[in-house]
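Several structures are given next for inspection.
Both complexes shown next keep chain A, but they swap its partner, so chain B is in the first and chain C is in the second.
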Partner chain A sequence: MRRTLLRYLPLLLLAIVWELAARFELVSNTALPPLTDVIRSWVELLLDGELLTNSVSSLYRIGAGLGLSIVVGAVLGIAMAWWKPVNVLIAPIVEVFYPVPKSALIPVTVIWLGYGDGSKILLIFLGCMVPVTIGAFNGARASEQVLVWSARSMGASKLRVLWDVVVPGAMPELLNGIRTAVALSFILLVSSELIVAQKGFGFLIGSLGAGGSYSAMYAVVLTVAFLGFAADRVYLQITKRTLAWRD
Partner chain B sequence: MPENAQIVVEQVSHMYRPARGREVLALDQVSLTVQNREFVALLGPSGCGKSTLLYLIGGFLPVEKGAIRVDGQNVGGPGPDRGIVFQHFALFPWKTVRGNILYGLERQGMAKDERENRAQDFIEMVGLSGFEDSFPSQLSGGMRQRCAIARTLAFDPKILLMDEPFGALDAQTRGLMQRELLAIWQRTPKTVIFVTHDVQEAVYLADRVAVMSARPGRIKTIVDTKFDKNDLDIFKNKFFVEKVDEIWNLVKDEAIKAQGKRA
Partner chain C sequence: MAGLEQTTAGRDGLPEKAARLAVIILWAGARVFSIVVLLAAWEILARSGTFTPYQLPALSAVLERIWSDAVNGDLAINTALTLYRALAGFAICAVVGVAIGMAMSRNVIADWFFDPIVSVGFPMPKIAFLPVIVLWLGVYDTAKITMIVFDAIFPVIAATVLAIKGVERELIWSARNMGASKRELLHQVILPAASPQIMTGLQVALPLSLIVAVVAEMLMGGYGLGGAMMTAARFANSTSVFAGIVEIAVVGYVLIKAMALTRRRLLLWHPEANAPATA
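So, the complex of A and B:
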């Protein structure tokens, strides 16, 4: 616990520097309102329910988009590694889609599914599926020949080998891909909500900024940053537990 | 051909096709007959195809030319009648010692109580009591290989295929494991094919040693090495020393040839 606190000590220093720089107007308060003002705005946003309603709709979008991308991406990646025809069919699509900046799809998903949840979920799903698929594919492709042979000689059918050897063997790479997807999901969420939305973190940041409530805007930005950080930490703990066999 | 022969390898040739480079004739018309409960060592320099022959018998590679029969049946794929132990253990890293040993029993459809008991018996037999819940990454090399051997013995294959099983272990551990394997084999005799490049190991363990030559892989000679293995001073025994010497001379030529061809 103490070591964890010490590790994050630089953040406290950063907060103090922020507060002092803003208080003594070393930077303009429009650009950087004092941290204490930001905290006050955060409490106000929380009390009038604004933060909560927008959080709920953002977290729903992330949950749905990310959840779908993990299920579909994992199945797709493992299928690509296991059945050559699937690879032949899907690999070129993934390759071409991989370098596309997913934010370019924001208007496209809006045309398809409108301004609401659907377009955000689709965008997050499409963007996050890429690292998940690649992780699952790489992990499953590297499954060790001798492990497959061992399982076969113990009486496992080919399908059993897929489930008992290939899937657990792919786990470390797959979990790495999902971690990338978690980070990406926040990026896609906020950028899509900033551009076209009536709810969500991005919408709140955009409308507060446009209305000149800068300390409130910062409060939402910090909230998103913290949620992203917390999600990553929780995810790392889950990974550590799942991969306890590694060392 | 004797009636009770358990493994018959007949005129088997095999091409090795690397992802890049030209193909190599890994095995050239190899024939070998192994009797029920016999312990045969395949000995030769690296690249002589001894592991390839083992994988063919195991059913892991397709027999393209010639025939391999086990109990009169052509080998068409892997099966639980032929257990295998690999040099690098090939334990499931995400399963505990117990989980690894249980796996084969689960696949055989053994009842839960029965397989739990059986797994425990084999854990004790190989001296891994207290490590039931350890993962392979938490074990030493010798312990991992003991776990792998227990895993294979537990589902009671008639034939044991061993691919340089002690090659990755340090000298002391290797010596211990050899003695343990011999003791296990004497208690529960199985047909064993044991791949190695260690002459002493082959003579110590096997009833017969098939000396292989490299490029293309052929069986050069088969030397009878059946004698009392329980002699504590076996390594000083005149018969043992002579056999090692005889086989070493056969292998040396091959090793030199293999080196020369590679250079």
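So, the complex of A and C:
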């Protein structure tokens, strides 16, 4: 407990500096409202339900987009490593798509699916699929040939080998790719919601900022930042559990 | 006899070479095959009228738009502005990030101060702070470059700290044993030994800088590839939107390849340069 406190003390110090700088008006309060005001606005947003409804729609978009990308990406990546023809057909497309900044697709997804949930889910799906596919592919390709051979020689069918040897072997790299995807999903969500949306965190940040309620805007910004950080930490814990069999 | 041998060797060698060439061509063909199919499908779908030109402008129309952008100079201006912002941000990240990382691995207080900030800041979606940065710095280059630095500096710091931590103890001990000063130790032993991993961090930061540059332009407006795309989207000019994506993709591709080449050049002395290239 004390060690955690000491470790995160610098963040606490920054928070205190923030509060003091704003309270004594060293910086203008529009640019930096005092931290205590931000906390009060956060509680107000929570109580009138605005924060909750917008988080629900944002988290739904992330859940749907990320879930789809994990399923499709993992299947695609493992298929690419297992069947050469799939690799020959798909790899060039992944290679071309890889360096495209996915946020550049925001206007296109809007053209296709409009301003609602659909365009955000499609964007998150497309963006997150790339790291998941690459992770699954690298993991499955690196699965130890000796293990595959011994399983085959002991009479395991090809599908059996795929399921019992290749997929578990691909797990660490796949989980790593999914971690990148989790971080990416928050980035894509917020940027697309800031650009066009009628609900969600990004929309809330934009409308509060446009309305001049800056302490509330700060409250939502910090909430999103914290959620992204928390998602990463929770995911790391799950990964550790899942890979416990390895050591 | 000698002549006979030579002719048989020649006769055997030629088809073998041809066969090998054919295999290479076949593989190259297979590699571009799916891309060609995809592009052809795009053109055919767009022309067939299944989608309106607004939903899916024809590939030929998009290429024509890119050509006209290139001829009237818009493409050059927008690309130059986006690249300028991305590279300026990246340069600041590289210098400041490596400096912070070095300070963290040499100084206990610096480590104590920056470590929680990096570990909390790295996984955060920093793009959410964009409205705050607009509030502070406006919407021009300073704000855009600040946003880029804020986003892309974390992988550089993290890679530098890990890289220096990973330098073999034996290297440091022997250098010290041979009388290297602290400065010499840092410049001649630790930094070179850590440079491959630092480069990896920079290789993450560069595409990230471009991504943030494009998003910042989309949100803050103005010239630049991202800004031009948003303007086109507002006027429902979807041909220009698709052209923008292709332009941004090409810039991204060139940047990533250039970075991989630079790595090979800079680390020519390192054993990894002899390993088969992966990027």
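Throughout what follows, the second predicted complex is superposed on the first by the 241 of 247 C-alpha atoms of A that agree within 3 Å, B and C clash if a C-alpha of one lies under 4 Å from a C-alpha of the other, contacts with A are read in each partner's own complex, and residues count from 1 in each chain.
Rule of thumb we're sticking to: a contact is a pair of C-beta atoms (placed from the backbone, for glycine too) under 8 Å apart; a residue touches a chain by one contact, two chains touch by 3 or more.
Not measured: the values here are computed from a predicted model.
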Chain B versus chain C as contact partner of A:Arg7, first or second or both or neither: second
Partner contacting more residues of chain A (chain B vs chain C): C
Which of chain B and chain C A:Pro168 touches, first, second, both or neither: first
Which superposed partner A:Gly212 touches (first chain B, second chain C, both, neither): neither
Touching partner for A:Trp149 - first (chain B), second (chain C), both, neither: first
Partner chain in contact with A:Pro99 - chain B first, chain C second, else both or neither: second
Which of chain B and chain C A:Gly49 touches, first, second, both or neither: neither
Residue ranges of chain A touching chain B (in the complex, touch as defined): 144, 146-147, 149-156, 160, 164-165, 168-169, 171, 244-247
Touching residues on chain B, where the partner in the complex is chain A: 55, 58-60, 77-80, 82-84, 86, 88, 90, 92-95, 103-104, 107-108, 135-138, 151, 155, 157
Residues of chain A touching chain C in the complex: 7-11, 14, 30-31, 88-93, 96, 99-108, 110-112, 183, 186-187, 189-191, 194-195, 201-202, 205-206, 209, 214, 217-218, 221, 224-226, 228-229, 231-233
In the complex, chain C residues that touch chain A: 30-35, 38, 54-55, 112-117, 120, 123-132, 134-136, 207, 210-211, 214-215, 218-219, 226, 229-230, 232-233, 238, 241-242, 244-245, 248-249, 252-253, 255-256
